[in-house]
């Protein structure tokens, strides 16, 4: 069947892929565990010291940024999924003119260069007082994730056998019961996957977070990383930035590892179930 | 059916609920907390001074204020460009959360012209000016008004390895220094990355030859001194350059000098206390005034430092002025010198024992600051600085011959608000 | 597949006439309305506003000098060498990184498709770059190549003073590396979706006919994957053209000639708070993106039909 040579080649190939994916993560982790004078030694692992983490967790700015990131991404995800689910339901179940227009429009929004929009948003938000607030970020996030959510949910919804709902109603269930007991469980995996993808997008964003915030009130972690303070006016806070980076990455990696099948299914529009 | 999916749903719903509650609890992110019926909150936006002297000034002033106001020290990032970015954005949004700001000396004209800071008039102007060295004083003046009170100052000195080279003579020029370093097969640490530090260097080179870059309206005044500056930069880059010169900032320069790869270093005074960490190294460091561009003209050292300005959009301007005056007083300047290695802006503070102990080079320091050349005072300064940076970078790639024309053209465009 | 599903719910042959159709249409639009409104308001309005701003001379540091100047901001941008060299830099980064991603992504997709074991770890591994915050990865790469603290200058075959971030080609190299590292997984997944659609029977038949692996790949797999490849290229090219995060962190401000068009827009708009000029740059970037999309769809024949659920 599979020769030993084949197995060896595949093992090497897989190892290469693993190395590729993990080198930066391992590197930044090793930096975060170094003491300030070990930073310049150019080695991967010099030992384990948690002082950078102590610095990071005692920094109010960083804690605030974590809370901002979490809250803003979660709320944006919630709103985006609700809006997208409604639209995806219509797009996959109902027949009406304008489907193509809406889908093409969503595609256009996905292709938008954010820089073209941040300038106006900056001016608009400062005029109506949304600058440096949670809604100020939630609104662009939920909008720019709509195309991704709509496409993912449409792909999943198309797979749902809607006749089951009608069958249940024929059997005596009310429309709401049929919806709740049949459709919702079938739709849940798709909704969950779409939520993960949208959350990752919002968690990751930098350009909006950077431009539309300026203090702890709404600055998210990516923007906070870029503005970390160091030991002196001129010193580079490599250790602190690395520790903060690790703190921000670990939850995502865990989430990605647990939900990898769903994410792959979502990103390949259902073509690959894992 | 699928039992897995209902537990997923439940988990998801629970997570959402938890986050929603969290969101409600932390509020929709309105700015700083108002103190309510207690003392008025005065927010001071300044960089995070690592020695703790700024914090001490805050605590001291809060005690002295006796309940009239309470200063909050809001910390900004280390890099001047980032501090500016954050301040500009908030001021452009007319944010009332800022009361006092620690302005880098180069932002005075820009912020004043944009209407973001309040002028100091009458008695307050006298307090701001009293006893200050000439360099810092000039940095708070724009169009004949005073716009901030000088606080801490900064300048660059020439640091050298006493064990490797002789003490520089009084008319020590850049050319002579480069020749000496090249002879020893060593390097000179300067800041030549494409950032504000490069403008600092070029500005002092040009001023040292008697030249000026722009006038108050941003019109280009450059002459052959710009070419001279380019020649010196290129000579250094080709015969006495440390590796990584084109990305050298203050900290890279310090680390490079400490590693022993250079005999000379041009940098701010923070490198001196920093060198204590290496055993016996501090004793090897000698210091002198900034080198000359021309042998017969005294050098014009660079001027840095922070001035305290009151925001136009502050809700408590009178209290803010009072707080700023307190923060910038002589005692706090002395503490900043001791703990933060920051030079005072008031002349008399240099005579204090604590200051002379903190700076063995206190005399050279004071002399340098008094004779310093400020960077161009013009509202479009950040654009002009960008034009200079682009023209003089990378150090090994510049061509002195055509540089005057290029610089004039770029500065002209910068002043007009065009792309350059 | 999908079309049959959609069709099964309609009854009447003529569209738009029966009451049922009208009710369905009304419901559909009501369901779509919130999403559509959100997208219009948050993208359509700001673009319109940006266009309006671009016609003014408006610098927040000189608030008294605001005035209408027509197209002169555009003339200024299009006649400045900085704009064109930034476009060139952006195009270089885009072309190189997308090409590398296509090849690497295809390899990874094939590995995931055909691996005889270890699919799980591979799948998990390639999702790490996808999930990680771009800024975090950018810092990791920047620190990796730092001449004083990075591990790359310390590697065996690398010269001790290797400092790519001090010159333009080196900086572009690191930026492209960071970009490719981060987005190849996404490309791989898009290609994997296309791979999964190639029927195995064709491969079996070709094997029976004596075709080699290479022949099968280039004669069967690639041509059948063409639509998926084009879609993947379209998305990735647009993404690469809009590059911002990696450059911002690895060479702040777009220094040493690495300024991309988005960074230029940011510098003018947010740093120099020159809203008029910056908006002109924004609109021009937007037009470039539209041009790229049109090129892919009209000239290369990219069909987004599958995304729209019609294939």
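Chains here go by letter, A, B and C, matching the order in which they are written, and residues are numbered from 1 within each.
We adopt the following convention: a residue touches a chain if its C-beta (ideal position, glycine included) is under 8 Å from a C-beta of that chain, and two chains touch if they have at least 3 such contacts.
Since we're looking at a predicted model, the values are computed, not measured.
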item	value
Result of counting contacting C-beta pairs for B-C and A-B, higher pair	A-B
Most distant chain from chain A by Cα centroid	B
Whole-Å gap separating chain A and chain C, where each centre is the average of the chain's CA atoms	16
Gap in Å, rounded to a whole number, between the CA centres of chain B and chain A	38
Whole-Å gap separating chain B and chain C, where each centre is the average of the chain's CA atoms	38
Junction residues of chain C, two or more chains touched	148, 270
Residues of chain A engaged with two or more neighbouring chains	40, 122, 226
Shared-contact residues (touching 2 or more other chains) in chain B	89, 92, 255
Complex contacts: residues of chain C adjacent to chain A	1-2, 5-10, 15-16, 21, 24-25, 27-29, 31-32, 34-36, 38-39, 41-43, 45-47, 49-50, 53, 108, 111, 115-118, 120-137, 139-141, 143-144, 148-151, 153-154, 181, 185-186, 189-190, 192-194, 196-197, 235, 238, 241-242, 244-245, 248-249, 261-262, 265-266, 269-270, 275, 278-279, 282-283, 285-286, 289, 293, 304, 306-309
Touch list for chain C against partner chain B, complex	57, 59-63, 76-77, 80, 82-83, 147-148, 161, 163, 165-167, 253, 255-256, 264, 268, 270-274, 277, 281
Residues of chain B defined as touching chain A within the complex	1-2, 5-6, 8-9, 12, 15-16, 19-20, 22-23, 26, 28-32, 47-50, 74-78, 82, 86, 89-90, 92-95, 97, 249-251, 254-255, 268, 270, 274
In the complex, chain A residues that touch chain B	40, 61, 67-68, 70-71, 74-75, 78, 122, 125-126, 131-135, 184-186, 188-189, 191-192, 195, 214-215, 217-218, 226-237
Residues on chain A engaged by chain C in the complex (per definition of touch)	2, 6-7, 10-11, 13-14, 17-18, 20-22, 24-25, 27-28, 31, 39-44, 83-84, 86-87, 89-100, 102-107, 109-124, 139-140, 142-144, 146-147, 150-151, 154-155, 158, 162-163, 200, 203-204, 206-207, 210-211, 221-222, 225-226, 238, 241-242, 245, 248-249, 252-253, 255-257, 260-261, 263-264, 267-269, 271-272, 274
